[in-house]
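In what comes next, subunit A is part of two complexes: it sits with subunit B in the first one and with subunit C in the second one.
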Partner chain A sequence: MAGFAVIRALALALLMATPASADVAEAVGDVILPAYDRLADATADLDRTAQADCAPQALHPGFAAVWDAWAAIDFLRIGPVEQDGRALAISFWPDPKASGPRAQQALIDAAAPAVDDPAAFADLSVAVRGLSGLERLVYPSPLTGDADYLCRLRRATAADLARMAAEVRAEWDGYAARLLEPGGPGNTDFLTQTEARAALFTQVATGLTALADKRLGRPLGSFDAPRPERAEAVASGRSLANVTRSLTGLRDMALALYPDAPRTRAAFDRAIGLAERLDDPVFAGVADPSGRLKVEILQQAVQAARAEAEVEIGGGLGLSVGFNAQDGD
Partner chain B sequence: MTTRRTMLAGLAAAAILPRRGWAAVGAPAYLAAGRRPDGSHALHGLGADGAVVFAVPLPDRGHAAAAHPDRPVAVAFARRPGTFGVALDCRDGRVLARLTPPPGRQFNGHGAFSADGARLYTSEVVAEGSAGRIGVWDAEAGFQRIGEWDSGGIGPHDLRRDAAGRLVVANGGIQTDPTDRTPLNLDRMRPNLTVLDETGAILSLRELPGDLAQNSIRHLALLPQGAAFAMQWQGDAADPVPLLGIAPPDGALTLCPCPEADAFAMQGYAGSVAADADGRIVVTSPRGGVAMIFAADGTHRATLRRADLCGAAPAPQGGFTLTDGGGAVWAADEGGLRLLARHDLAWDNHLIALESARGT
Partner chain C sequence: MARPTRLSPARPTARLTAAAALALSVALPAHSAAPAPDQVVAHYADIAAAAYGDSLTAARDLRAAVDRLVADPSDATLTAARTAWTAARAPYQQTEAFRFGNPIVDDWEGRVNAWPLDEGLIDYVAAGTPSAEDNELSNLNVIANPTLALNGGQVNAAQITPALIAEQLHEAGGIEANVASGYHAIEFLLWGQDLNGTGPGAGNRPFTDYVRGDACTGGNCDRRAAYLVAATDLLVSDLEEMAANWDADGAARKAVTDDPQAGLMAMLTGMGSLSYGEQAGERMKLGLMLNDPEEEHDCFSDQTHLSHYFDGLGIQNVYLGRYARLDGTELTGPSLSQLVAGKDAAVDQALRADLEATMTALGALRDKAEGGMAYDQMLAPGNAEGEAAITAGIDGLVRQTKSIERAVGALGLNAIAFEGSDSLDDPDAVFQ
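Coming up: the complex of A and B.
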């Protein structure tokens, strides 16, 4: 991609000019931009497939490819994904009040014309769009309705995903420039190099916590009340796959920021190894004690990776996470 | 004997002294606690332009401060559960008094002076059970404890004295372990907003609807009519709720939702709230790294993003001033953020506007 090449060149130029920025430049050039390239490519492929053939089965491979791309970078909650609620719209989960399925069924029942108008579709609730909405349209779900309308809804949802991914990728060129040139005129996001580093490192730290608390913690529930039905993307069987992909993306980001982190690398590799060996694709096993223990061990390994990263990378870069954000009062 | 001349002189002095009081320390527009690079903490006076006009040391990390309306005296409070309150002469950092809550009481982070500066009110809890108290201190007599009132709820945090002398209290509803901040009653908490008169009598006590009982009312800003309140959601993080509300002078509390796309932007956590003279409101979330600006009628107008934003106060010339953990001081309005100054400090949770600096 041309935009990527430009940013890569900019990153390399800055890398040579100011060695201290190598960490941010590598995270942007080696991890973030390639991840959004893959997301843009995967969603564009899915969109093309859907326009050609909207049968649910035809969309399964493309759906999985988009999730693979998104799960690797969805921990990153700064920059263009935060505009217009895009991260929420790409995947609206968890949804404890089932607002997604309810709003989607209402849309179908009303045969809302938004499916034929991309701009109107983009204005629909984040709960009905994106991967969560599409999963209900291509895997078993309670949704019912007219076959032709459901077909158009699949196509509209796929096109909307491709639009958002393309916008995120395009807008990252400008955001990357702000990360790489902190303190520049009008750059209110990053005043210093330390802030740029801290912003990226904070995403690793909070991403690991979110993975442990949400992707693993929600299905775990409590010992007395396990909640396997709360796992992510159960219908498409992707709960564990998303955990593995996310851990890999987080590891790549952490080590791009600070390659000389052997303990962090080992902690990530251990967690990823546990996930890869776990034979429980949708965490159904949390309902029985031995299956539950395996998921808890994975959760602890994720928490351990955060602890190592805070000491080794946060400490190594001289960063602390959020003076006020961590205070809680 | 009072002659016309001495009386006029007295009136003139009364009119001038307030300004001279804070003018002696550079006429700050704001007070804010901050951590220095060496890890020590200090209370700072900030000009409207974000420059530091004075700094006096604090014994530990501060939370909020109360500014005397006339004299350059500030009382800084520790974080919850509070072990210190310290009254400081901002001219030289001299400790005028150390405030210690009576046995079995703990400071809960905030305080406010009466309009004439004669009394200081502090938010406190009974350590066992977290029943709320308002401590009353004589600011003219070395900050002697002269009484205490029922705050009207559990776990009060912020309190504000309005122009009519009433106290508006955010009873957060959370009972905490006396030795740390472990919450003990999240399943049965009932926060409220209570208004007390100058004698401590409860004028009103308003609660949120039952499904929002886990939305802890914690921080306050006075509006031209009534008060704005900011909340911290203790319920399911996946189930976002409004974090800003408006308490009109009478009637039920109202809530100010934000657009769906930004519903998770504050991560269920509001750290500070401020309102300007026209009633526009800003609410900050250091966890989400956002500030949201609302119109006076509670309509969301803008979401601004910046890591670790927390301190918020009205700017004398209109709009808002915000501070963050990276040491920056920002001018903020619906159009965005504009850097006023950056200091080698981590600004603490709250930015306190001095009444003497308001646009009067």
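Coming up: the complex of A and C.
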């Protein structure tokens, strides 16, 4: 895409001016911007499909493609995705108090006109929008309502996803410039290269922890009370696929930041290999001891990847993990 | 029922805030001799001891007010108990800045401040009350049932005791939403459910829920009184435990004073994690993005604005090394601010300004709530004025987090974060 070429040129220009920022430039140019390009493309495709044919089955391939794109980069919780709650809106999970189904059913029951008004739709609760909302509209769910309204709701949800992804990608140009030019005029986000590196490294470290604790930890529950029903995206069968995609995205980011990290690379590859060989798409197996063990081993491999990255990359760059949006309880 | 008017601790503390800031800026210019790290962490422990001590004092006052309520239920004794609850929260919320940096506090915190809760575990609730997913105990209703099917067996709950609450009920079934103890369980017993959604009004439990005999409403008034008394007793004993942890020989004090560098990191970690992931994220942004009053921190009493305000103040206290006690005295001493200023005056100045800006925003949020727009009303879809007030608080907290990270860097503490990571020496340890 044109935007990508521009930013790549900017990255290269800065790279030549300040060689030490090579790691940030590669993370931005090789990983982050292409990932958001793919998300923008996939959501635009989904939107086009939905406007042409809003039947649930027709949206399944596009839904999967958007998830593939989002899962690869959803660990990144800085910059434009943090504006207006976009990251929460693109996929609201976990939803322990069922805010999404409650608010979505209320919307349907009221035949709320927001489905015909993109600006009003963008203002709705994050729990009714995005992939979580759309999953309940195209896969089996407790939602019930008028077929015509449900069709318009699917279209509105797809269009809203495309809008957010396009905005995120467009706004990343400006944010990338601040990351790549720390200490520049008016840049209060990043004062030094160390801050820019630390911001990205923190996302890798906390992304791995969130993956282990949420995507894997929620279905694992405890030995006495496994909770397979708490896995992510069960209705669309994507729980494990999201784990694999996310691990791949995290690995690409970690190694772009610091390519000379053989132990980290090996730890990621081991975790990704375990995920690829796991024949348990929605972690239903956690309910029996042998199936559970496999998911626990994967979880430990993810935790080990974080430990390696902290030592090898954090240590190598002289960074520590900063505060992050995911460390509340 | 009208919400309690502003309580005594709020105004004096706010006044002392400005006075203390002034005193510090006059008495301690940035270039004065910086204190030593061991002095700073010792004073931090003193503030913790004072703040948990005040929390304990105020919880004992609450316990006395609860006694008067159950002995002689009336509008007056119920209102007095609610007022005592709100007063007890003010010092406690200021201690939350100690939570994330100190494992002893963080491991204990769930007993006293767990949230959100499935209140149907404890008492009657309205039909259709949302509960946590798959919480088969969300309508257990301990108050109505002297025998409970729990933890794979029958539990005798004829006597509602602190031990029953702590050992059998709290987090029953391993589900965090089964909050049986702490401030929010007591809040529910005093206020009841707030069924007004994002409209005006807080919980409206009648005092007759505590009247014995025919006038009892809600059923099982004697058991409700027993639960309230036991939960408040438990809160008092939990706070006694934590106050002791910060005594001269307390384990939490030793943890920060034995290794002052680790103590400094604990101070900044507590400030940063509470500011960003917890308060700005979980407690403020999420509720706003969901427009859901279920996400309001003090959802029964509508006192959320005070919780947020005193959380912010506690963060500022840790940095400035000061704390205004319930008795009006003020603790001041060697501060993190002075230490940072000695390394990098600009970082210190920016962080102090950020903390002050956050308190201005949280003060405005508090005033707006006390002026009649409760926090849950601010969460309503389309309430731009409420959204702006909450967003200003979130933005301040996020901004100060960046400055807190810069203070970590100024003090050269970055490397400390690597300590305590599981597998530095033994990469296979995590597989065992």
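Operating definition for what follows: the second predicted complex is superposed on the first by the 322 of 329 C-alpha atoms of A that agree within 3 Å, B and C clash if a C-alpha of one lies under 4 Å from a C-alpha of the other, contacts with A are read in each partner's own complex, and residues count from 1 in each chain.
The working rule: a residue touches a chain if its C-beta (ideal position, glycine included) is under 8 Å from a C-beta of that chain, and two chains touch if they have at least 3 such contacts.
Predicted, not measured: the structure shown is a model, and the values here were computed from it.
Model built by superposing both complexes on subunit A: subunit B and subunit C clash. Touch criterion met: A:A225 reaches subunit C, while subunit B stays clear of it. By the document's definition of touching, neither partner reaches A:D68: not subunit B, not subunit C. When both complexes are overlaid on chain A, the residue A:D23 reaches neither subunit B nor subunit C. Contact comparison for subunit A: of subunit B and subunit C, C touches the greater number of residues.
In the overlay built on the shared chain, the residue A:A103 is in contact with subunit C alone; subunit B does not reach it. Once chain A of one complex is fitted onto chain A of the other, the partner contacts of A:D280 are absent, as it touches neither subunit B nor subunit C. When the two complexes are overlaid on their common chain A, residue A:D47 makes contact with neither subunit B nor subunit C. After overlaying the two complexes on the shared chain, residue contacts for A:G318 are found with subunit C alone; subunit B is out of touch.
Taking chain A as the common frame, subunit C overlaps subunit B at a single listed stretch, which among 26-34, 206-214 or 422-430 is 26-34.
Residues 85, 88-89, 95-97, 125-127, 188-189, 191, 195, 198, 322-325, 327-329 of subunit A lie in contact with subunit B in one complex and with subunit C in the other. Residues 78, 82, 84-85, 88-89, 94-97, 125-127, 188-189, 191-192, 195, 198-199, 202, 214, 218, 322-325, 327-329 of subunit A touch subunit B in their complex. If you check the complex, the residues on subunit B that touch subunit A are 35, 63, 79-80, 109, 157, 181, 218, 236, 238-239, 259-265, 269, 271, 286-287, 289, 305-310, 324-326, 328, 330, 336-339, 342, 346-349.
Of all residues in subunit C, those touching subunit A in their complex are 100, 116, 130-134, 173-174, 177, 272-273, 275-279, 281-283, 285-286, 288-292, 294-295, 381-382, 401-402, 404-406, 408-409, 413-418, 421-424, 427, 430-431.
Of all residues in subunit A, only 85, 88-89, 95-99, 102-103, 123-127, 188-189, 191, 194-195, 198, 221-222, 224-225, 227, 229-230, 263, 297, 300, 303-304, 307-308, 310-311, 314-315, 318-329 touch subunit C in the complex they form.
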